[in-house]
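Both complexes shown next keep subunit A, but they swap its partner, so subunit B is in the first and subunit C is in the second.
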Partner chain A sequence: MKCKKCGNKAVIKLRAHRIALCREDFLSFVLNRVQQTIKRYKLFVAKERVVVAVSGGKDSLTLFDILQRLGYPVEGFHIDLGIDGFSNRAREAVEVFFAKREAPLHIRFLREEVGAGMREIASQVRRPLCSLCGLMRRYIMNRFAWEKRFSALATGHNLDDEGAALLGNLMRWQIGYLARQAPVLPAIYPRLAKKAKPLALLSEREVLAYCILRAIEYHDEQCPYAKGATSRSNKEALNLLEYYSPGSKIRFYQEFLKHQGIFPDSASHDLRECSMCGFLTNRETCQFCEILEQYTGSPVPVRDSETGKG
Partner chain B sequence: MPQDNLVLKNLQKQGLLTASKPHVIILFMIRIVIDGEEQQLDTKKMRIETLLRRFHINPETALALRQGELLTEDEDLLEGDVCIIMRTTAEK
Partner chain C sequence: MKCKKCGNKAVIKLRAHRIALCREDFLSFVLNRVQQTIKRYKLFVAKERVVVAVSGGKDSLTLFDILQRLGYPVEGFHIDLGIDGFSNRAREAVEVFFAKREAPLHIRFLREEVGAGMREIASQVRRPLCSLCGLMRRYIMNRFAWEKRFSALATGHNLDDEGAALLGNLMRWQIGYLARQAPVLPAIYPRLAKKAKPLALLSEREVLAYCILRAIEYHDEQCPYAKGATSRSNKEALNLLEYYSPGSKIRFYQEFLKHQGIFPDSASHDLRECSMCGFLTNRETCQFCEILEQYTGSPVPVRDSETGKG
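Take a look at the complex of A and B:
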């Protein structure tokens, strides 16, 4: 198979785009795709300070690599979840990656943030661990981005992640989620950092191919607490549709974004400041502060000295 | 060695390894690694496309590598090749 751009030997066929590309042209294709996503959905502009949430997995490290190559002044942020072995290996992958590039990296430990690592928390709580972990990570990432005055927090969600989330939201008709699922969530409230997903138009396969071609050494290990998440079956379902009708995934997601206005966003009206930490919540005390009280007996101090005034 | 057993079993199934033909020499073999597990195909040549179909792998969720090089699905694997199939379905 030959590269559609230059005629050299192709390394990948992209059915959704009806092209096959050689190594060099595929790498440029990926960079262009991310740049288009950033511009089309107004994720951020060249001068903005962007922090990338890096787990150590292929998506987040690929995202950092791409943003750096595109010339954005990016820094990395990693949360060590305190899962014996697993978290050490994830952190090591991140540290090696950043050391090689001499790029700025910030690390926080869940154990220091909430007084317990995921292993201790797992032994005590009954609620689904992945949702609890996600909640704590989102909170810590948002607070970090806001405190350090980054203008955007970028995450490595790819097209398969976004498609699976969209399918899940539609299957349950979660109108509020449907109204807000987007490649960018602007910082429309105080203490809320802008969220951006620059890989939203790249399939997981494209991200993996980029990672392999750039020889990015990522942490490839499933979290010991992850149990057959529904996102996985949603991804498989979408990829089956993609197989029979190439381009389905990207059409499903992009057409949704075009028509998203039909879903009213009522949930945002209920948002208020947490009585303890001041960050946004839809209850009196946010769930993070509740967890924190459980493990340390004290809430998060409100950090007014870091409100971004100067 | 479990892999050797697999090959022997296949040969027995095909009637190539019997008491009357004890000295079968394996001339062709392609090794593949899927989800970290090695498998052997006793064939001289196989298209990646065919390989994925045989293992019920959706090409939209997989990439094939030979000696660290990405391959398109129209490429043929030849005897002596080691092919790694990387899948995208892992959880994050």
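Take a look at the complex of A and C:
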């Protein structure tokens, strides 16, 4: 198997793109792909201040590595969820990764922010742990990005994540979600930061191969509370279609983006400021504040979003 | 395992509907389901003249059996495709099935209609055999239904067929196909008969179970030229999702039908009469006439559609 670009020995075959590539050309391919994604979908421009949400897993560390190599002035943001040993090991992987690089890393501890770890909160709140965790992480990330005046919050969602979410939304015909699933979600004034997914056109396998070829030491451990069978089965179904017809996954996602305008977005019009924290929600009180209230038994004080501690 | 309706021993468990049923109650369930489909999607009313396209396989014979039991005045239509022994055995299964029932059966032989079997035509025409066969069968069925003044042409497409087609159309975002995929396609004047799919809410497994419990002797043989890997992989992917989350398939299809209006249908506006046969097409000459011209090397005569031989 020879590299299609240079003729040297290839290390990876990409059936979806009908090419095989050597190490160097594969790494360039990945960088170009991310740069294309950023430009084609207008994720951000060269001098924007971008913060990358880093969990410590392969996707987020790869994303940080790539954005830094492409010359974007990125910083990292990690949330320590306070889950037994799991969160310690995740944070350590992030700290080791950043210690080798010249880039600021911001860390927030859930225990310090709200007084408890994710499991303790989940035990008091009627909501599945994974959904609770996703909701709280999204809130804290957005609040951090907004308060620290970052122009965009970048996350490591890859093509498999986005394809699985798309398939899941289609299986249930969740029109609102279909209208809002994109590589970039613009900021909404006030207090909703722009979200960007620069890895959206790279498959999980491509990201993993990049991570391995760069010898990035990522945190390779499933959360002890992870279930996520739905997203796994959607990924499996797409992998099956990809196996029979290479290129299906990327076409599915990109053609969707071309036709996405078909789906009417009604929910965005209903946004208002949360009565407690002031961040945007489609309810009277946002779900984050509701959860904290359920957990602590008392309302959380409204914090000035422009002067929050950093 | 007990029948949810009567408490007797169940013969089948339907995870999508969270019930187990005995033989009698399952057979009633299937009949009710078809009746619901006919009413909910306005396929046809009690006294319409409906012709059922019968290939001899489990789906089409089951469909005929059910419509007859429901009291619709149905007739059968079979096309002998002239494929080696395969077509003989298919036709014989149909003939045996109809010999036991009081219902008219109409048979057309491709060899008599166009002078050759499907394989001979395919060898002369640049087009994959399965696509050619589907196109020719659809033309002949529509022409028969229209010329014999049937009000509707019913086919045995089941939920797995419709779900797989839907998934395939979504994987490629074929908006026009999405706009026109439905349990009923209305007649278009002149010469496009109404199409109906009364089994659209029954899974392949449910149809097969019905067929076995009724001891219907169907033609259980794959066409020697069948490939169809794409539709198979779409079915496999849906079965995987159904396995993880029972009820996914039926919800996927029914929710789609609720939201189908989102997809704009542009192609239907472009229909015109074929310059050779007069049947509707979106080209100057319809694909059926083009194929025959390619095969015979000379144009086919235009036949008066209202007085065609029967």
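Just so it is clear, the second predicted complex is superposed on the first by the 293 of 310 C-alpha atoms of A that agree within 3 Å, B and C clash if a C-alpha of one lies under 4 Å from a C-alpha of the other, contacts with A are read in each partner's own complex, and residues count from 1 in each chain.
The rule is short, and it goes like this: a contact is a pair of C-beta atoms (placed from the backbone, for glycine too) under 8 Å apart; a residue touches a chain by one contact, two chains touch by 3 or more.
In this text, all values refer to a predicted model and were calculated from it rather than measured experimentally.
Student: Looking at A:S245 after the superposition, I want to know if it touches subunit B, subunit C, both of them or none. Which is it: first, second, both, neither?
Tutor: Second partner only.
Student: I'd like to know which partner A:C22 touches here: subunit B for first, subunit C for second, both or neither.
Tutor: neither
Student: Between subunit B and subunit C, whom does A:I175 touch in the aligned arrangement: first, second, both, or neither?
Tutor: Touch partner of A:I175: subunit C, not subunit B.
Student: Looking at the overlay, does A:A237 come into contact with subunit B only (first), subunit C only (second), both, or neither?
Tutor: After superposition on chain A, A:A237 lies in contact with subunit C alone.
Student: A:C133 contacts which: subunit B (first), subunit C (second), both, neither?
Tutor: neither
Student: For the three-chain arrangement built by superposition, which of subunit B and subunit C touches the greater number of subunit A residues?
Tutor: B
Student: Pick one for A:Q222: touches subunit B only (first), subunit C only (second), both, or neither.
Tutor: Once the two structures are laid over each other on A, A:Q222 reaches subunit B alone.
Student: Identify the partner contact of A:I12: answer first if only subunit B is touched, second if only subunit C is, both if each is, neither if none is.
Tutor: Only subunit B is touched by A:I12; subunit C is not.
Student: Of the residues on subunit A, which ones does subunit B touch that subunit C also touches?
Tutor: Common to the two interfaces on subunit A: residues 229, 236, 240, 243.
Student: Inside the complex, what are the residues of subunit C that reach subunit A?
Tutor: 170-173, 175, 229-230, 232-234, 236-238, 240-241, 243-245, 248, 251-252, 255-256, 258-259, 262-264
Student: Where on subunit A is subunit B touching in the complex?
Tutor: 1, 10-13, 15, 20, 23, 55, 57, 59, 160-161, 203-205, 208-209, 212-213, 220, 222-223, 226, 229, 231-232, 235-236, 239-240, 242-243, 246
Student: Would you pull the subunit B residues touching subunit A in the complex into a rising list?
Tutor: Subunit B residues touching subunit A: 58-63, 65, 69-75, 86, 88-92.
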